[in-house]
Amino acid sequence: MIEFINVNKTYPNGVTALSNVNLEIEQGEFVAIIGLSGAGKSTLIRCINRMHEINEGTLNVDGVNVSQLKGKQVRAFRRKIGMIFQSFNLVTRTTVLNNVLVSSVPELSFWRKTLGLFPKDKKVAALEALDKVGILDKAYNRVDQLSGGQQQRVALARTLAQNPSIILADEPVASLDPVTAKVVMDDFKRINQEMDMSILINIHHVELALEYADRVIGVRKGEIVYDGKSEDVTQDVLNNIYGSITEVPHMDDPEEAEV
Amino acid sequence: MEETFYDKIFKPKTYTLENGKTVKQRASRTPIVLLLVLVATYASFRTTGADLSLLLSRGHQFFVIIIGMIPPNFKFISSIWGPLFDTIQMSLLGSLAGALVAIPLALLSSSNIIKNVFVNGFFKFFLSILRTLPTLVLALIFTFLFGLGTMAGMLSIFVFTASYVGKLMYEHIENVDMGAFEAHESMGLTKVEAFRYAIIPEVLPTYLSVSLYAFEGNVRYAAILGYVGAGGIGLVLNERLGWRDYPSVGMVLLVLMIVVFIIERVSEYFRRQLS
Amino acid sequence: MNEAVKLQYNKAPNRKMYFAVLTTIILALLIWSFLGVDITGFDEKGTGLARNIVSGILTPDLEFLFDFSSQGVPYLLYETIAIALLGTVFGSILAIPISFLMAPSVVKPPVAYITRLFVIFIRTIPSLVYGIMFIRVTGPGAYAGVLTMSITSIGMISRLYVDVIENLDRGILEAMTSMGCTTYQKIRYGILPQLFSSFLSTTIYRFDMNLRDATILGLVGAGGIGAPLIFAMRSYRWNEVGSILIGLVVLILLVELFSNKLRSRLVSGT
């Protein structure tokens, strides 16, 4: 269970990213977080695995107070939480399998991890994770030869090999075309249902959020302005989250152009 | 559109379209650049005393030495092997040591690895200074310090390689996408582990390729180091040119060409495998 | 473990042999090269000399550094720039026809191959040998340096020009054909604008390199700042060496800064 109690976060440059956030997310939920860019969605999920620090309030994950963890404890804590990124964040100049194997690095002996020698059981576990997302046949291909959708599934396999209880996804389908985006979202849904992992996903596409998530959280200027079932999201709710659009560019100004 | 100094002197042209929009066209920079190049070229002609008519009247002199080299003195080859191997050996050792020393230098210069502006700035400046020193001048200084011979040549190649590979590598490291590093940290890896698995696989192929390329160039370059007494085939070349023994010079050049060609092909093969 | 995973596990490419052979070769080469280079420490005079060199370079001959007559550092640097500039101009002009003859998309493959061999041939001859050859033509002095620079620049410039020619965007030519342009118009408005900025960028880069290389030419009497530098070193006048090196380092750093700025503007087009 993830629990935010009166959480505040301000960046050193004075920007308030989260203000007075209170949330409770049960194990096994599929939550979509929506809002404008810069509203604080990304900060919200990055606080959960301590990629960002919070300034005030309490954040508990499975009964552990996240802010009080130190050094080694943070790393041990992060092992239980997977993270997926918009730009996949894979090592592109090596094979798919090597990328997935990285998830087992902290469990290896010093020599093994220095030389990059992985034992058989880790390799098998990595291959099984690739099998779960349907790209087992690409195991020995280099990542830069894969399409965007395939790369995001490698990232998903890397996370699965870690065997987490929570997956945080920061705009996982924003760089993908609509069809591939659906395939990746289907993967998330399947993982959520079959393995009982909690999934928190930041997402731009409102339709995808409503279609896949059980619960939607709307963020506006660092505040939670909506928290409820995805079926209950109405146009009014969306207007409130995204604000009314006033900043339409005027086309009739005398414009300067470079020739 | 920002108005630069140039735009204030040469006013941009303004066009008004039918619908009332105005478009400004900056005056082209090409004429002024061409003018500057022409003036500089003319000044260079005056300074260097370059005179194209001289090429017509005395150009044939250039070929005197070349014709003298044909046919090369094939018997001379037995005196070439030793110095030739010296040249290759000192390039190899200098390149290898230089490439190794380049690693810490590049890491200390990269702002995304060592987050200290002063350290980065210091090492970047240090690499730049090293790179500006002509290799031949370094070789000469080293012959004063270490005596005549291959040690001096090896050291000057070492310094050049360290600065060259170091610069190219920090430029590459600074442009590496740190996303994978972030992802690895989010999986609970330490910073060192994340570096080992995110940054090294990304930069290693480039590092090897750049080092091989430096080695290729060094073999060619090492050939002239003998001129200042820093060992290798340049010594023989210099001596034979001094004696006007052009057939032997021709043989040295022929052998050098073949060796450089082979080394380049082999190195190119491996560099292609790396990319 | 299911069958597919087992199958894929056993398919792991085995490159142990490849790496073992490669490591052995590299180790052997390393040992061999250690045998060839006699690693020595400073020779007996070395330590004292090193102190002289460092103190000389740190206390440069300021009078020499700011002597604006034709014997001073500024004029010598100016002459070196002139040699490098003119050498680059000649070299890049010569490289244009050669690069077209080297481009497989312009000429037949055998012609391209022969031109390539010819360029490799030109490139391997050390610059000092060219220096000696040209001195026969022009007599000692800066002009011999210019001619040497022209020849030694050709190799690299033409190789980079070829890359530009091979990577030309042919879509534009198609578009122009569809607009009914003549061959001349296609070359003038479709090809030249594409070539111009890339060629110029390559040429500026080579100028930067030539400036570094121009210091060597003095060794054989082909002008520039190299001759006084080496003369000062051979006669142990380290303060003068210091002045020349400082001038040279500052000049090269400035030119590098300027050429990087200019080239990035040429590439980004602003």
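Note that the chains are named A, B and C in the order they appear, and that numbering of residues resets to 1 at the start of each chain.
Here is the rule we use: a residue touches a chain if its C-beta (ideal position, glycine included) is under 8 Å from a C-beta of that chain, and two chains touch if they have at least 3 such contacts.
Since this is a predicted model, take the numbers as computed values, not measurements.
S.K.: If you walk from chain to touching chain, how few steps can bring you from chain A to chain B?
M.R.: 1
S.K.: Comparing centres built from CA atoms, which chain ends up most distant from chain C?
M.R.: Of all the other chains, the one whose centre lies farthest from chain C is A.
S.K.: B-C versus A-C: which interface comes out with more C-beta contact pairs?
M.R.: Between B-C and A-C, the larger count of C-beta pairs in contact belongs to B-C.
S.K.: Can you figure out the chain closest to the middle, judged by Cα centres?
M.R.: Given all protein C-alpha atoms shown, the central chain works out to be B.
S.K.: Find the geometric centre of each of chain A and chain B from their Cα atoms only, then give the gap between the two centres in Å, rounded to an integer.
M.R.: Computed from C-alpha means, the inter-chain centre distance equals 44 Å.
S.K.: Distance-wise, how many Å sit between the C-alpha centres of chain B and chain C, to the nearest whole number?
M.R.: Result: the chain centres lie 6 Å from each other.
S.K.: From the mean C-alpha coordinate of chain A to that of chain C, what's the distance rounded to whole Å?
M.R.: About 48 Å separates the centre of chain A from that of chain C.
S.K.: Multi-chain contacts in chain A: which residues touch at least two other chains?
M.R.: There are none in chain A.
S.K.: Which bits of chain A are touching chain C when the two form their complex?
M.R.: Residue positions touching the partner: 120, 123-124, 127-128, 131, 136-137, 139-140.
S.K.: Considering the complex alone, what residue numbers of chain C touch chain B?
M.R.: It comes out as residues 29-30, 32-43, 46, 49-50, 53, 78-79, 81-83, 85-86, 89, 120-121, 123-129, 132-134, 136-138, 141-143, 145-147, 212-213, 215-216, 219, 223, 226, 229-230, 233, 245, 248-249, 252-253, 256.
S.K.: Under the stated contact criterion, what part of chain B meets chain C in this complex?
M.R.: 37, 40-41, 43-45, 47-51, 54-55, 58-59, 61-62, 64-66, 85-86, 88-90, 92-93, 96, 128-129, 132-134, 136-137, 140-141, 144-147, 149-151, 154, 220, 223-224, 227-228, 234, 237, 241, 249, 253, 256-257, 260-261
S.K.: With touch defined as at the start, can you tell me which chain C residues reach chain A in the complex?
M.R.: Where chain C meets chain A, its residues are 1-2, 4-5, 8-9, 11-13.
S.K.: What part of chain B is in contact with chain A in the complex they form?
M.R.: Residues in contact with chain A: 1, 20-26, 177, 179-180, 182-190, 193, 196-198, 201-202, 204-205.
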